[in-house]
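Two complexes come next, and they have one chain in common, subunit A, joined by subunit B in the first and subunit C in the second.
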Partner chain A sequence: MRKEIVLSGYGGQGLVLAGIILAEAAVIYEGKNATHNQSYGPEARGGASRSEIIISDEEINYPEIERPDILLAMTQDALDKYGESVKEGGLIIIDTLYIKEVKPRSDVEIYELPITEISIRETGKPLSANIVALGVLVSLTGIVKRESLEAAMLNRVPPATRDLNLKALRAAFDIFKKG
Partner chain B sequence: MRKEIVLSGYGGQGLVLAGIILAEAAVIYEGKNATHNQSYGPEARGGASRSEIIISDEEINYPEIERPDILLAMTQDALDKYGESVKEGGLIIIDTLYIKEVKPRSDVEIYELPITEISIRETGKPLSANIVALGVLVSLTGIVKRESLEAAMLNRVPPATRDLNLKALRAAFDIFKKG
Partner chain C sequence: MSLKEDVRFMQGNEAIAEAAILAGVRFFAGYPITPATEIAEMMALRMPQVGGVFIQMEDEIASIAAVIGASMAGFKAMTATSGPGFTLMQENLGYATIVDIPCVIVDVQRGGPSTGLPTLPAQGDVMQARWGTHGDHPIVVLCPATVQEAFELTIEAFNISELIRNPVILLSDAVVGHVREKVTLPDPSRIRIVNRRVTNLPPEQYKPFAAGPDGVPDFAYRGKGYRYHVTSNVHDEEGFPATYNHKVANELIRRLHKKIEFYRKEITYYKTYRVEDSDVLIVAYGCTARSAKDAVNMLREGGIRAGLLQLQTLWPFPGEVVEGYAKRAKVVVVPEMNMGQLVGEVERCICRKAVRINRVDGKMISPWEIVDAIKEVFSHA
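Showing the complex of A and B:
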């Protein structure tokens, strides 16, 4: 099992941190192998941001992503740029606050969710949208356990924001709670 | 003429910069007197932020604001905290993305507008919401001329963001364009 994930949006949405959290959830809490790579640093506030994660049961010899299994798109630009690259049978997760035009693809699953608005509703601010997005991604794919994601998140976010981020993460999990 | 303005929300929405731009529009481009004061610095990303501006034709001897003439509220917390303080006959401008509950007041004007969503629509990102808000505020009040605001904005925002901020500002002006 090797899964390639791209988190894309703009600098300021916390996608680099999200990539680190997801990779650490896999490595520290589940003993898997993972790599994380960022195209642009968090200093590029407003610029395009792309965070790449590979999670695998095997050693990762080739840490490049050409066609991801999973794409999170947090801006229209990101979807327009990377939407076509997702593998057949893959998954695209879209934040409906930013993305109004979705080019249909019959060979991938596309989930459109108000990720940033869930953060605002739960915490009053959009800053936990990255954590909501991880909660959605993990719920849909099972790529790591929810408990692993939660532990990795609590370990990485600024301590003063733990409670709000936990509220945001659990709201994301609750979307997919069975009956 | 002395007008007291409070811009309130959270650190990261650019309200300190917005306060500086509005004060400079009055001072540099219209020869008025103005003061600008911030309660929390922009480093308080995610924390509460309050930016105070006084604009006057006369010398400003008392630079404190107790009851503003104009309040911009960019989070629910900000509206809940400062909404009651606005003077009778004053103006409250609300960002509907963040604020879902508005306590009615018959003695002030309340404008509810999708400020951040206008920024996203025009630029793909919410980062120009502060500039949209200024465009709305100036259009509604005429506290400075639109040209003065535009010049002050272009002088202050990072050069790489001038075009996008200008697009956002003009979209705000266009809301109030006659016929």
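Showing the complex of A and C:
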């Protein structure tokens, strides 16, 4: 089963790293195939940023995503630009701190969550919003196991931030434990 | 002793750097350019770790000059660039070919001409890789389609380069360079490494450009008492200019080409996919081969027997391989991210027209485009 995921927002939100973590969870910890692509503007921070992940049990040849199954939107621009492209039956995850206007779509599931605010509440900083978003995405889709995501995350984030990121990730998992 | 396979998730550019180090590269000179910059970044980090040299030069002309110099001194050496930088390297590339100096030049293709499409993918440097430098020169060009192939063909690029003492071009593209995917790195003990043949003659008998039946002269390390004169003029076996000696000129140029012909089988790499009974043969290379493989499966689901011949060696052009697989195919299709460069070679070898699919807007040819083009052909049949 091939699943196509787009993480989109602005540069500095850590979405390229988040995409690599998700793909590594699939490749290194679950033996699946995955590809990752990134695109961003020339700015170091603040420009548009897009991270594309494909996860599959089969070989992945064509590595481009035209209509994702899953979209994470971390800015209003990202939602406006890519919201329409999500496949029927797909999933859109929205950070309510940045997104105020959501164009309704009846053919996809839309989850609106305070992703960045959860990061601030748990770690005192917005920097772990990318990890919270991954926790939400994996809880909702089961695309990789939570343990795989956790291991991949711990392996990739700067060592000094491991504890904070783990706290952020578990807070995201907890949202869904309570049903 | 247990063998250790190492599963990693990495970019094509990173895989090239890692493979180069395993192949024995200890000298890298380059100038950054997207989409090749990660190779230089990795080498800047890794070369000091393995006791090698990384140097950022003032431009690409100096970069390849430094690489040739390092190789003359006995190092395995590499540079990496993209179209505009590759153009600047052409003159010295010719120099390396006429003095039998091995080196590997990575060209991670982006859209051209000139600054072109910085930095979207393209396959427009196929002919530049073959004929970019002037004069009748031998060259080998390898082309990866996946990160795994980028790793494997980098090692082969060095092996071939050392075997025939000639530059080898690794012709990658922005898709393969930047995509991250799964790579299985073999246990280093399982990797075949070829090193240039070194002379066993005493210094007084050594002629730096004398060669045996394979056309490849034996190398002598500097500082060991061997006399080794190098000139970019046509030269005799001692290495001295022989401009007005037509016999020497004829022998030198033919010897350079003989190196390729002698080892043609060993340096020809390709892959096939579902070709046993194919009515449609897609001949593809680089990132386009990825889409072609998906297209083969989609066409077969629709009842069209398609197969893929993926060329990994583009030059010397594997004409006999193409001819052989095309024999039973009713239709031969060549998708390329250029206006049609390798298709001419294909048509020359199969003695008939191929279906061309070309794209030059910085976007990959999708599997659906290939499928649609082939269905279109069948609807008129």
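Here is the rule we use: the second predicted complex is superposed on the first by the 174 of 179 C-alpha atoms of A that agree within 3 Å, B and C clash if a C-alpha of one lies under 4 Å from a C-alpha of the other, contacts with A are read in each partner's own complex, and residues count from 1 in each chain.
The working rule: a contact is a pair of C-beta atoms (placed from the backbone, for glycine too) under 8 Å apart; a residue touches a chain by one contact, two chains touch by 3 or more.
Note that the structure is predicted; figures quoted are calculated from it, not measured.
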Please work out whether A:Gly46 is in contact with subunit B alone, subunit C alone, both, or neither, and reply first, second, both or neither. first
Applying the document's definition of touch, where does A:Gly12 land relative to subunit B and subunit C: first, second, both, or neither? first
With the two structures laid over each other on chain A, which partner does A:Thr75 touch: subunit B (first), subunit C (second), both, or neither? first
Which partner chains sit in contact with A:Thr35 here, subunit B, subunit C, both or neither? Use first/second/both/neither. second
Shared subunit A surface residues [contacts with subunit B and with subunit C]: none
If you look only at subunit C, which of its residues touch subunit A in the complex? 7-9, 175, 178-182, 290-291, 293-294, 364, 366-367
Okay, in this complex, where on subunit A does subunit C touch? 20, 23-24, 27-28, 33-38, 60-64, 66
Per the touch rule above, subunit B residues touching subunit A in the complex are 10, 12, 45-46, 75-77, 97-98, 117, 120, 124-127, 161
